[in-house]
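There are two complexes below, and they share chain A, which is joined by chain B in the first and by chain C in the second.
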Partner chain A sequence: MDFLIFKAPMLMVQASLDGILLGILFALIAYGMALQWGVMNIINIAQGDLVILGGYIAYTMYLAGIHPAWGVIVSPIIMFFVGWALYKLVINKVVDRDLFISILATFGIAIVFQQLMNFIFGADVVVAQSGYGTTMLFDNSVTLPNSKIFSAVISVLYAVALVIYMKKSRLGRAIRATAQNARAAKILGVDTEKVYAATFGINAALCGIAGALISITLTLHPYVGLPYTVRSFMIVIVAGLGNLPAVAVSGMGLGLFEEFADYILGTEFRIGAVFMLLVFILVYRRFKLSKKREYLK
Partner chain B sequence: MNKVKQKDLILYSGLIILGLAAPYLFSAFKVQLTYLCVLIVLAMTWNLQGGEMGYNSFGNILFYGLGMYLTASVQVGMFFSLAEWTESGGEKTFVHTTAQYFQGMGVGLLVAAIVPTIVAGAIGYAILGLRGHYFAICTLGLGIAAGEIAGGIEIIGAGQGFTTPPFPAEIVDPEARGQFFYFLSFLVLVLAFVFVKYIYGSRFRLILNAIRDNEDKAEAMGIQTMKYKIVGWMCSAFFCGLAGGIMGGLIGYIDSTDVAFDGREMGVFMVLMAILGGKGTLWGPIIGATLFHFFKEGLWTFILGWQYVALGVLIVVIVVYFPEGLMGWLREKYPERFGEVIDEKDRKAQVELK
Partner chain C sequence: MNKLVKLFITSISAITLTLVSFTSSFAKVDGEYIVLGSAISLTGKYSSNGVHTQNGYNMAVDRINKMGGVKVGGKSYKFEIIYYDDESNPKRAAQLAERLIKQDGVHYMLGPYSSGLTKAIAPVTEKYKIPMVEANGASRSLFTKGYKYLFAVLSPANQYLEVAIDLAVEKNGGKPVRIAQAFEQDAFSQDVRLGILDAAKRTGSEIIIDDKLPKELNDMAATLAKVKATKPDVLVVSGHTKGALTAIRQISEMKVDVPMLAMTHCDAAKLSKQHGKNSEYALCASQWHKNLSYKDKFFGSGKKYDKDFKKEFGYAPPYQSAESSAALLVFKDAFERANSFDRDKVRDALVDTEMQTFYGNIKFGPGGQNVAKPMILFQVRCKGDTCENKVVAPTKWASDKFYHPIPKWSERG
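After this line comes the complex of A and B, so read on.
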């Protein structure tokens, strides 16, 4: 543990930029989670594993000689159908049940996904080379991989597109109606079953995009899904369901926290710091609410 | 209530005799039997707060791992320098004599039982204020964070792991090690069973059930729910710590994320076993753990490599299709056996409704 970061102010700029760019990516995953949590009332522990699977799709393209950046178009399409199939197989049976059931069921799915990815893609840490080079800022003291900038831009583009789609399209309206009141929506002729399937598919597609971006900016490994789940869960509970600007801001906040924790505590404690932050946030909110004699719902 | 029924007496004495004879009857499976005892203890005590209290924790692995590290650390630290031990990987120069080994183990297990209990009490007030799925996720986070943090601490071996003291070489009998750990775990199992059985007959269980069914109403009835929730969690932590200590000695090697804070295996197993057998019943977790262990050991050798896929599918199937577990299913089928009397009029009314 050394405090190099306080001695060299340029490192702070570096960490901040890295953190914000990373945070935008986290916010995209969290947006998917907020969507399906809000609509279906399900906490999807397999969220992170969907992300990693999306990443492996891009990585497979990279191995096949196609530029991995095309993954941001191909991987969401494939992942949409994966999500749809997952819904039809398992998720539709846990929608109206106790949340603990959905947590445990998706935990099971996560284990299956991890292991299958381990079989298919191997247990090595892999990264798809985008070959985008790096940008040097401030007299070469801050290095910024262009792939990170690319991933942030793509995330924002997709998020904006999705927001417009949810506002304007028929399916988007149906999803929002179901989120508000599933029963009423059903009475008014919305096929809620289909809406749920589409929502889960869209969530998986968002994970696919994020995964493809992660494959070129960070690293992939079959067992690193859970931290992404926890990050998105954290962002959602801080921001609240259906509050998109807050999701973006808290995503960036989390990115900043992680980068600084990385410098201050050391890389080996990075994941530990993320999970501890989750515990602290939950406990903090619990104490705040308990003053009003309420609890987190 | 005080009079133990004759039928029960025969059952319990039969089980105890079976338990005591097991390592001689199936001497090749001593390690498996030890595992079974530990799994039953974990499932039973998880059930105490997961099934009875309704607080589904994924984080009891925290106490299990803590107990494991504490036992090993005390066992080493009582006689040697802990830092040098982990540095050397527990090799060569440091050898426990027989007396030292058992002394260390005894004190270590004591510490492993007490410290997690205190930890549960200390964090209980903060964590148990969360309800439902927030509690589940928070404890999941705690368990994983503990593993990650333990993997960064040098004195307990950091990422390379911690070799627990080997069984004393002066005892030449090759059976001795297995028997020692088996009887130790069996003792803990009996202790845990007696304890849980006692709780099942007490007012404490009724309070826990009241918390599970409706916490707000329980509070309104004047029950200090927080106090009981913390005590319930501490009971779980006590036995989890003990179980962890035994497992550390049995496995002989502690890795931060794969053995001690093994949320992916043990942490899920204990939840799964309790659900498989039936949450909120005395025998459910025991039957669930036994079935699960047989399934795991019997099947896993045939599907080598695919065992985690099978585990994941098993979780999904159990949770989605049998959330009430085996005991719940039996209860539905033969309610009379569970002392539930269904009114004939009620049954008719049900049929008419359908």
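After this line comes the complex of A and C, so read on.
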């Protein structure tokens, strides 16, 4: 079994495509996290649970006989208001406080959301069927589920739309201004309170889209939110805040890295390898920073 | 706070505590009731199976009580169960077991749901020498620790899919097969894996892919791509309901052709309902099926149990409920044979258990596991869009022929 991937070149293609498609989806979640982290300086532990809630919205539609793909439109709308309400209820009380307080608060939200979802939707693992079929390449040796292609395309569309919105619209400009300097923005007449609420709402909406996509590509369960939080956290750490191209690249890179780690090191080291990479990147960054500091001396 | 208020609260709690410890001394057999205790997952990630377990217990308690109860020393007693919600958390489960025993004075325990939680509780019941009959902890490691007060009505995890490998070898004309396997990294799934390793060794079969899936993982694309490239004779997957659902979703999407697919947790995952035709031909291990021909006088047959359970709870009983009901039958039998409420006598009676229930024959091995009941395999078969689980092995109970090999995706409609 040693390095099957190098013997079968088609596996390399399969792994790369799988990794990239999955990475794009993760990048969307990470972008939401980067946005509200950058603007509000809050690390949202409940990010993954917002994703799962968005997934359950699509799943509920599926149960009602509506095609779950419509979830990518309905789910973000509902989730925007969930995010808005969450801000008004909890987040606005911790937004100017210590980072630790906000982590605690969002951790609490995560637990409440998990239990609520468990209560409403049950503890069973569920899936929604898109019935999209499969694209086969290279004489059936590489297979790509159309649902994964669909989710990557939708993620890219939404991400691009958001970037344009942030650049062109009034609210987008206000959000960027607040991210750069909240006090200055306030003095110049930006209603930062409203900006914060909108940012958190947009983040939740992005999670809603990702959740709807996950319901047709992967599985849903009230307690699987945390891995999504951790992954997006990692992507943001690698990419930095407020830099969408970097988030996209690091998302895809992480997806690729994961797939290849799976083939080369074995499935059991897949997630471990990602964490090793994170440690390596953090150490490297620190090393670089400390060099810079010496230079400044 | 005012000093007086503090004093008041302290004395109130002191009085409550005294009362609690005072009442507890009667609790093991309270009037005409035999009190059993159980920590069970009513919230948290195991809550659906926790409820199946509780329903199974309750159904048996009602039935036994209605049919004359438990006769000990010429007097008839009724069962009663004290439940606490363990929140699907092993630490909490261990605390609650401690509480049931020390505060509520429970002298006989019923198991929680899942191997992990049973593992957390077993050291506690062992410490206080409390006999525990459990129905939902199948991990082999439970039965190798030398526990003397633990009894399981179910077959241990390593037996789940051993039969499947034998079946594959048989279909291969008695020649060894090439096995690809993917197991989640938890106690239960890894025990299933050990069983496969044993079976592979016994039959001279070769394991060509041996992936361990991390718990957080819900994407098996890499494993399945490897399977596609290596073309094994059998693919074995075990990773609870998430593993079963993910496997079927991705096998159908990636059009992975394998002659045989063996899994666990198909019925708990409602595979045939959630994935419909895509799940057809999957071979699944199960502790119980309603069509088996076992009988007892309380529930009659498996089919009757199925009917009664549906009437009472509104859904078909999964095997988790059936085995939980069986646990109560075992306790009743042991109490009557011991003819006493002495814990050690009851424990000795449990050791000598040899009975048939609607769920299967029960006889405990030296480690406490049930050695008298084989696992069964069913295969998902579809007619039109409705899919059903049909028992295919062992041959004694097979209602349908085992369909082998699985047709290629290109030939499936």
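One rule holds for everything that comes next: the second predicted complex is superposed on the first by the 253 of 297 C-alpha atoms of A that agree within 3 Å, B and C clash if a C-alpha of one lies under 4 Å from a C-alpha of the other, contacts with A are read in each partner's own complex, and residues count from 1 in each chain.
In this text, contacts are C-beta pairs under 8 Å (C-beta built on N, C-alpha and C of every residue); 3 or more make two chains touch, one makes a residue touch a chain.
These numbers were taken from a predicted model, which means no experiment stands behind them.
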Contact-wise, after the overlay, does A:271 reach chain B, chain C, both or neither (first, second, both, neither)? both
Now for A:218: first (chain B), second (chain C), both, or neither, which partner does it touch? second
Taking the superposition as given, does A:123 touch the first partner, chain B, the second, chain C, both, or neither? second
Applying the document's definition of touch, where does A:145 land relative to chain B and chain C: first, second, both, or neither? second
Chain B versus chain C as contact partner of A:109, first or second or both or neither: first
Output the chain A positions appearing in both contact lists, the one against chain B and the one against chain C. 115, 119, 226, 266, 268, 271-272
List the residues on chain A that touch chain B in their complex, please. 43, 90, 93-94, 97-101, 103-105, 107-116, 119, 226, 230, 233, 237, 266, 268-269, 271-272, 275-276, 278-279, 282-283, 286-287, 290, 295-297
Which residues, counting only chain B, touch chain A once they are in their complex? 56, 126-127, 129-134, 136-138, 140-142, 144-145, 148-149, 151-152, 158-159, 264, 268, 271, 275, 305-306, 308-309, 311-316, 319-320, 323
Of chain A, residues touching chain C in the complex: 1, 4, 8, 10-11, 14-15, 18, 22, 115, 118-119, 122-127, 129, 134, 136, 140-141, 143, 145, 147-148, 218-219, 221-224, 226-227, 259, 262-263, 266-268, 270-272
Flag every residue of chain C that touches chain A in the complex, lowest number first. 43-49, 182, 185, 208-214, 216-219, 221-223, 225-226, 228-230, 240-242, 245-246, 249-250, 253-255, 269-270, 274-276
